Amino acid sequence: MKFGVVVSEGPYTHQAADSAYLFVKAALDNGHEVPRVFFYHDGVNVATRLSVPPQDERNIQENWTALAKDHDVDLVVCIAAAQRRGMLDENEARRQGKTADNIAEGFRISGLGQLIEMGIQTDRLVTFGD
Amino acid sequence: MKFGVVVSEGPYTHQAADSAYLFVKAALDNGHEVPRVFFYHDGVNVATRLSVPPQDERNIQENWTALAKDHDVDLVVCIAAAQRRGMLDENEARRQGKTADNIAEGFRISGLGQLIEMGIQTDRLVTFGD
Amino acid sequence: MSTLHTVNKSPFATQALLSCLNHCKDGDAVLMIEDGVYGGVSGTGMASMVEDKMKSVTLYVLSPDLSARGIDAARLIDGIQGTDYAGFVELVAKHDRTQNWL
Amino acid sequence: MSTLHTVNKSPFATQALLSCLNHCKDGDAVLMIEDGVYGGVSGTGMASMVEDKMKSVTLYVLSPDLSARGIDAARLIDGIQGTDYAGFVELVAKHDRTQNWL
Amino acid sequence: MTTKKFLYVNRKAPYGTIYALESLEVVLIGAAFEQDVSVAFLDDGVFQLTKGQDTGEIGVKNFSPTFRALGDYDVTKLYVEAESLAERGLTKDDLQDIQYEDEDDDYAEKPSIIIVNRAEMADVMADQDVVLSF
Amino acid sequence: MTTKKFLYVNRKAPYGTIYALESLEVVLIGAAFEQDVSVAFLDDGVFQLTKGQDTGEIGVKNFSPTFRALGDYDVTKLYVEAESLAERGLTKDDLQDIQYEDEDDDYAEKPSIIIVNRAEMADVMADQDVVLSF
């Protein structure tokens, strides 16, 4: 079965990004497909590559990046939500005249249409938020 | 009277950063001092200079930066909370081997001790959060 | 000696206002801000809980937050006072400490 | 046709579980995750509200979240089942849609 | 393209948090996909629809007029729960008048807001393919 | 340096959100400033102190052992509200045994947790110079 997943809260502050990660792993391990995970609201903050969590804690961004690579999951960061919150890729940074970008490997910035499309193309949709 | 202010939630997602800004402005306008504002939890995300809010919305970071400049308010971003969430200044980025930094002008990264010190040195402490 | 309490959550969504009112001392003040302003409205399922506390505690709502949410001040529970940010500052200064119920 | 509902908030903090249970249809399932697992514990001020709904709805808690919070499964309300993430996935697949009460 | 029934569920008050605004942004974008769209307002979500919102003094954008434009996007089914209104001391008159032009009925103006009781709201929810919660 | 009475108020459950952990981090740093420190646990905050927390399966760090180290930082007054425990079906036995060595009493081990009723908790709160809420 095809699952779509939405992550609506930022890393570390809420458990949502951890729960979603474990859910997606379990879905893949049990023979389901997770073609896309959509990061919305503060969920866009999961995609920062500038995070430096304490040595004895999990690295949420690296977990997602590895999962995307191993299982070809499309990690989409909502552009409108990302702009408000200061999450930019190289292209966006250039276009907006910003002096840095902060999106990690494995994530891509795109529009809200990708969320609707995910809803249409998957069999189930699950949201992890606050 | 001396007021200390804590901001505990990120910009746009919660009203906390807006309410705190209006409170600090009103305090200064009414003859009080606000020597420091401390950004903790997701509040550290207020300090990003990479934010690009829609044209018809307020720019929360720029509001704070201007206030700090005009009234000499010390805007302190908690280093531990900032590291988890990917908020780095130039020094921290170099030290952590990160390829970018994102702290705006007027904010500085420092330790939690600055929060306690603010509690000791001010007459009143007000927290805006979730 | 008295405390200014602030509440920024809707009383229909979380227990913050209830817990705040349960821990106020006589002579304290409670200022409802942000989504907390809904707690000051008359004729709601929460109004009697709030009214019960008004003998011992002074209640305020932050008017800018009330207007933002489209609530006319005439709908406030009798005795609840509206205040602006300058009044908020004054309340903080007047009471010995501020406790924020997040 | 049935729905899997998820609740991730403590019933002592917010109204999410109450609202969820009020909108379940017969044959639906409710999975309590994260801070939501406190809703499955027996002997609390919320337990009777939850027990009342158990005739028509099947209740689950996510065991990893229960263990994290130091709650022994023996303390769950009779009839509430623990499940792991694989079971969570199965519940999502088995029901026609998932509704998340945030 | 497949047509699915999409429900957007709003349970949070406006301005205190951004969920109400960012939910509306999804509804607007989603309209382009020509799905069968409904929007639910219950619990504190009913506060989103109140008349007379004036955010001038809090410096936040007032997005409530956008609800009145939903009809132009063919989003015409706004379910509002009666019990949620009552608990909050609200009646239908406290809400904005939101209408759409019915192109199948000579573009007659019709109300988009449908007041339902809790059981009816549960029926609406149970009749969907995709439920997005805010 | 001035000595003030600091109260850290914990009203949120652990792990679902980070407030409990980041509150504890403030308490630990604050200990170095030699203020008069108290910590309050009420509402869902009482869940922070439960025994037997095992976060192995959710991949989040279990910080509950740190509470037992608070005595070493001279943080010895942990007020826990009885009504909050009762509503959650908890008793004192469900909480960790947290102790400190009383240096004024030949380093005798004494309990740090003080169970108080709601009125007493209100008294503790009203007796502070600085109240930090999490």
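When the chains are written out, they are named A, B, C, D, E and F in that same order, and each has its own residue count from 1.
Assume a contact is a pair of C-beta atoms (placed from the backbone, for glycine too) under 8 Å apart; a residue touches a chain by one contact, two chains touch by 3 or more.
Just so we're clear, the structure is a prediction, and the values are computed from it rather than from any experiment.
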| field | Joint neighbours of chain F and chain E, given as chain labels | value | A, B, C, D
| By label order, what chains touch chain D and chain F together? | A, C
| note | Of all chains, the one whose CA centroid lies most distant from that of chain A is C
| query | Measuring centre to centre, with centres taken as mean CA positions, what chain is farthest from chain D? | reply | B
| remark: Cα centroid separation, chain A vs chain F, in Å, comes to 35
| Roughly how far is chain B from chain C, going centre to centre by Cα mean, in whole Å? | 26
| message | Averaging over Cα atoms per chain, report the distance between chain A and chain E in Å. | response | 27
| query | Measuring from the mean C-alpha position of chain C to the mean C-alpha position of chain D, what distance in angstrom results? | reply | 33
| Where in chain D do residues touch two or more other chains at once? | 8, 12-13, 15, 34-35, 64-65, 84, 97-98, 100, 102
| query | Which chain B residues touch at least two other chains? | reply | 12-13, 15, 19, 22, 41, 54, 57, 80, 125, 127, 129-130
| query | Which chain E residues sit where two or more other chains touch them? | reply | 15-18, 43, 58, 60, 130-131, 133
| Which word fits the touch map of the chains here: line, ring, star, complete or other? | other
| Okay, what are all the chain pairs that touch? | A-B, A-D, A-E, A-F, B-C, B-E, B-F, C-D, C-E, C-F, D-E, D-F
| said: Going by the contact rule set out above, which residues of chain B touch chain E in the complex? | reply: 12-15, 18-19, 21-22, 54, 56-58, 130
| task | Sort out for me which residues of chain E touch chain D in the complex. | result | 9, 11, 42-43, 118, 121-123, 125-126, 128-131, 133-134
| field | Footprint of chain F on chain D - complex, ascending | value | 8-10, 12-13, 34-35, 38, 41-45, 47, 63-65, 67-72, 75, 84
| note | So, in the complex, the side of chain A touching chain B is made of residues 10-13, 41-42, 45, 48-54, 57, 61, 80, 83-88, 92-93, 96, 98-102
| task | Flag every residue of chain F that touches chain D in the complex, lowest number first. | result | 12-17, 43-44, 47, 50-58, 60, 62, 64, 86-89, 94
